[in-house]
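Heads up, there are several structures right after this.
Next come two complexes built around subunit A: one with subunit B, the other with subunit C.
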Partner chain A sequence: MHVATRDELSAALDDFVRRFRAEPRLKQMTRDWNRTIHVAADDVAGAEFTLRLEDGELSLQPGPPAGPAELAVRADLATLAAIFRGEMSPTEPYMSGRLRIAASEEDTMRLDVVTLMIWDA
Partner chain B sequence: MPERPRPAPAALGGGDLLRRVLTLRTVVSTSAGLTLATTTFVAAAQMASYVAGDSAWIAVLVAGVLALCAAAGFAEMNGMFPSAAAIRVYLHRGFGERLALVVSFLYIGVVVAVLGAESFVLSQAIAYVVPSVPPLVWNVALIALMAAVNIRGVKVAGAFQDVLTYGLLASLVAISLVAFASPGFRPTSLLAPGPAGGLLQSVALGVFLFIGFEWVTPLSEEVTQARLVPLGMLIAVGLLAVTYAVFVVALTATVGKEALAATPVPQMLLATKVLGGAGAVWMLVLSLAASATTFNAGFGAGSRFLYAAGREAAVPRWFARIHMRYFTPQNAIVFLFGFTLVSTVLVGLTGRYTLLVDMGAALESIVYVLVSLAVIRLRRKEPDLARPWRAPFVPWLPAFTAVVFAVLAVGALADDPWAPVVLAAAALAVTGYVVWVVPRLRARAERERLALRAGRSAAGRP
Partner chain C sequence: MKKVVSVSLGSSRRDKTAVARFLDVPIELARVGCDGDVEKARALIRRLDGTVDAIGLGGVDVYLQVAGERYVVEDGLRLVREAKTTPVVDGSRVKETVERRAVEWLAEHGPVPLKGAKVLLVSSLDRFGMAEALAEVGADTVYGDMMFLAGVPYPIRSLAELAEIAGKMAREVSKLPIHMIYPVGQKQDAEPVERFPEFYREADVVAGDWHLMRRYMPRDMRGKMILTQTITPDDRAFLRERGVRWLVTTTPVVDGRSFATNVIEGAFTALLGRPPEAWSREDVDDLLRKMDYQPAVQDLERPG
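Let's look at the complex of A and B:
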């Protein structure tokens, strides 16, 4: 895996949001799941983004969330970029401890299902 | 990917942006609540058979102190890797993926098999109070109910867990104290456990009393302060040790060892002797409460493990199918329902519910050995990784813990000649599966993934 940059992660997240919007089942599935997701690389200062799910619509903002988030997704930049580009299943780095998801069990499961439907369904 | 030193979470610029609600009280109640189970009463009675008189409390406290040593290792690992995948992550980082997968499969397998024993024992307790309905009916109904509850995704709320656990602990102590105050209560050999071999065997089985205290680690990202999880685990183990120590003295001195050896429901005999029919009903309610969290945790951990294994193609992808309304791993839960049913029927047919207690204690001891060794190994391998909670006296304490629990694992397996045979056969089968089958499953999954992407590209989809 090559060394990723903050811009690459930003592009990967943009692509992720675009794919989310292109999948109508996801909008239906998440219409009652309003959540703020804080995505942060733990090896590059400032590589932080906020994904906001509101009434089935997903949006992306650079930087940390304004208030507390329900989910926090942390890993090194390369791993995060690979996950949001769909090159890597989140399960493998999660099981090795490289990816950390701070959230309730149910929210973690839902986020995983979203990635599953974007990349593998 | 090369490992690199990482900054502490506080330096991440946003490490404290998560909603955190759980307090120490709930961490303790969750840790202790996941450990309390109806089969632990059976284990307590088993322990008593290896020591003289009513001295099993010594073995309980020794097992508790040793569990505290293991808890120190779990605390350090949890601080480094606050993940719901817990031992899977710890062992992966310490020893690589293959060993982590083998141990995790075995661990989850034994835990779920123990649920079969738990269901069997609980159904016997219900039949003790309601004898008109056959225990097997209760047994199947309990497992079906638990599977349904897990598919529905019902969670035990923090406040309810507090009431459940502290009520349970207080009730067990209260019933024990009533037994102490009974006119015929005359304990013997309280301070003389007898031969060292018997005490060792008793301590080995005592490990079973503390299985599950570490399952509180998934809460680490929901607590108000990161240090509460390690602290909560230590307090929970201490509370459990004291409660079980008091309980086992009441049990052996009131019921007698001969009666205890012949029953799957020792707690019911104690409550009946001390408080009559009302005591039996009270103890049944306690047993139901103890089993409820155990069932929920066992099914939850098992199904999510299988789901994750399905996602990473370590088992067929069928296991990764979820319920689209409740977002629970429905196929994994259905599989566990069948697995537990088979386990409980086998336990019912053979009557060997203690075999699973032995295997559970042995495997838990092995996990403690590996986690302790992983603490030492990671201190050398990844010294710069942030450790919010550091185990004391490394490497001496974890090395001591590893050696002691290796001996206790052997002791637990020595309780039943079938225990080492079944565990070795299971370990062999799982190792063969991980070495030979998993790589093929993963290769097939990768081929399918690439074909899916190619099909999408051809169709002009993103």
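Let's look at the complex of A and C:
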């Protein structure tokens, strides 16, 4: 069985940010949505990252956010890497409880839509 | 007498029973709201199974038909499976035909010329046929799926982009609990909270799902036309207060009430004696032709 590593999640998030920047519609879709998103793997210590959306621009930092995050996304590392690589839709692991999102329902929905716009599958 | 009961996840304040004549056959139509309680809806469907001619499902779809692809809504399918003998219908078959016909009729006979009119269609996932028909008659349509279903400030302005985005959304939305995307239960009675009011303001016509458009409707809707269904006398008063001029309902008005397409699909099921899966498109066309179908147009500036 393949064991995902922190570097794989880091690479998947890098790719996610790159694809976000390459889709011009996402800038418009998120222009009013300034949010900090804390992405953390349950099963690998230190596999934590911070995505920051500001005026339609998305950036990535390693480690937890300096302040409170509006969205906290947690799952095992393999699931997170698969979602941010676009190999898995977030909806199914979210509904099964494997992916946990601590956020308002509205923010959860918007994150889902952003992910949909990045990936074709 | 034939009997159709619509089990809705919507508010019980909208419950109604009436007898309508379809091609001279009297059919009792009842709508029972479960106030967003899915378990109550499941229990009610089990209790009705085998005792009525058809069961309608309201407040949730079973199928979303987007650009030739069909998506199964899991919450809806679970409800359908509660019945073992009575057909359970969501209205999607009738909606596809009736809403196209309504738009085509309005383009020729309606009080507001649709060609070139600014139309806000609040969501198309559940009525892609109406979206296509509006494009075909030359309406200048904003499709509000991203704005009103997901809160994303992105108006969709072409049918091609709608097909792309709605297809992606349908795949995911169909797996989510219905309450995340659609106002059910008491949310249907709540005071509207304005969302993207500039798109309502710009529109000559606001079309689509009644509960969704009502939920975000601004106070000033003077002179506009509404194209929808499932309208009660209270809803008419609500629209009058906002200054709406024309109300067009795609389903027939029975005893002051425009029932949802799931109720009409239930009535057709009772008339034909077989479920929608066993209908042909000609069956629906034939029934509508025999009924001399046309949408109901009401001038809300007239009293009554």
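Simple rule for what comes next: the second predicted complex is superposed on the first by the 119 of 121 C-alpha atoms of A that agree within 3 Å, B and C clash if a C-alpha of one lies under 4 Å from a C-alpha of the other, contacts with A are read in each partner's own complex, and residues count from 1 in each chain.
Methods note: a residue touches a chain if its C-beta (ideal position, glycine included) is under 8 Å from a C-beta of that chain, and two chains touch if they have at least 3 such contacts.
Given the structure is predicted, the values throughout are model-derived calculations rather than measurements.
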item: Side-by-side fit of subunit B and subunit C on subunit A, or clash; value: clash
item: Which of subunit B and subunit C A:Met29 touches, first, second, both or neither; value: both
item: Contacts of A:Pro65 with subunit B and subunit C, given as first, second, both or neither; value: first
item: Of subunit B and subunit C, the chain that contacts the larger number of subunit A residues; value: B
item: Touched partner set for A:Arg74, first subunit B, second subunit C, both or neither; value: first
item: First, second, both or neither for A:Ala103, with subunit B first and subunit C second; value: first
item: Touched partner set for A:Glu48, first subunit B, second subunit C, both or neither; value: first
item: Offending stretch of subunit C which, after superposing on A, collides with subunit B (from 75-83, 219-227, 273-281 or 291-299); value: 75-83
item: Footprint overlap on subunit A, comparing subunit B with subunit C; value: 29, 89, 91-92, 95, 105-106, 108-110, 112-113, 116, 120
item: Subunit C - residues contacting subunit A, complex; value: 146, 149-154, 165, 168-169, 171-172, 175-176, 180-181
item: Subunit B contact footprint on subunit A (complex, rising order); value: 1, 15, 18-19, 22, 29, 38, 40, 42-43, 45-46, 48, 64-65, 67-72, 74, 76, 78-79, 89, 91-92, 94-98, 100-106, 108-110, 112-113, 116, 120
item: Residue ranges of subunit A in contact with subunit C within the complex; value: 25, 28-32, 89, 91-92, 95, 105-106, 108-110, 112-113, 116-117, 120
item: Subunit A-touching residues of subunit B, taken from the complex the two chains share; value: 1, 4, 6-7, 9, 11-14, 17-19, 80-85, 88-90, 92-93, 97, 100, 153, 155, 218, 221-222, 300, 304, 307-308, 311-312, 320, 322, 324, 327-329, 449, 452, 461-462
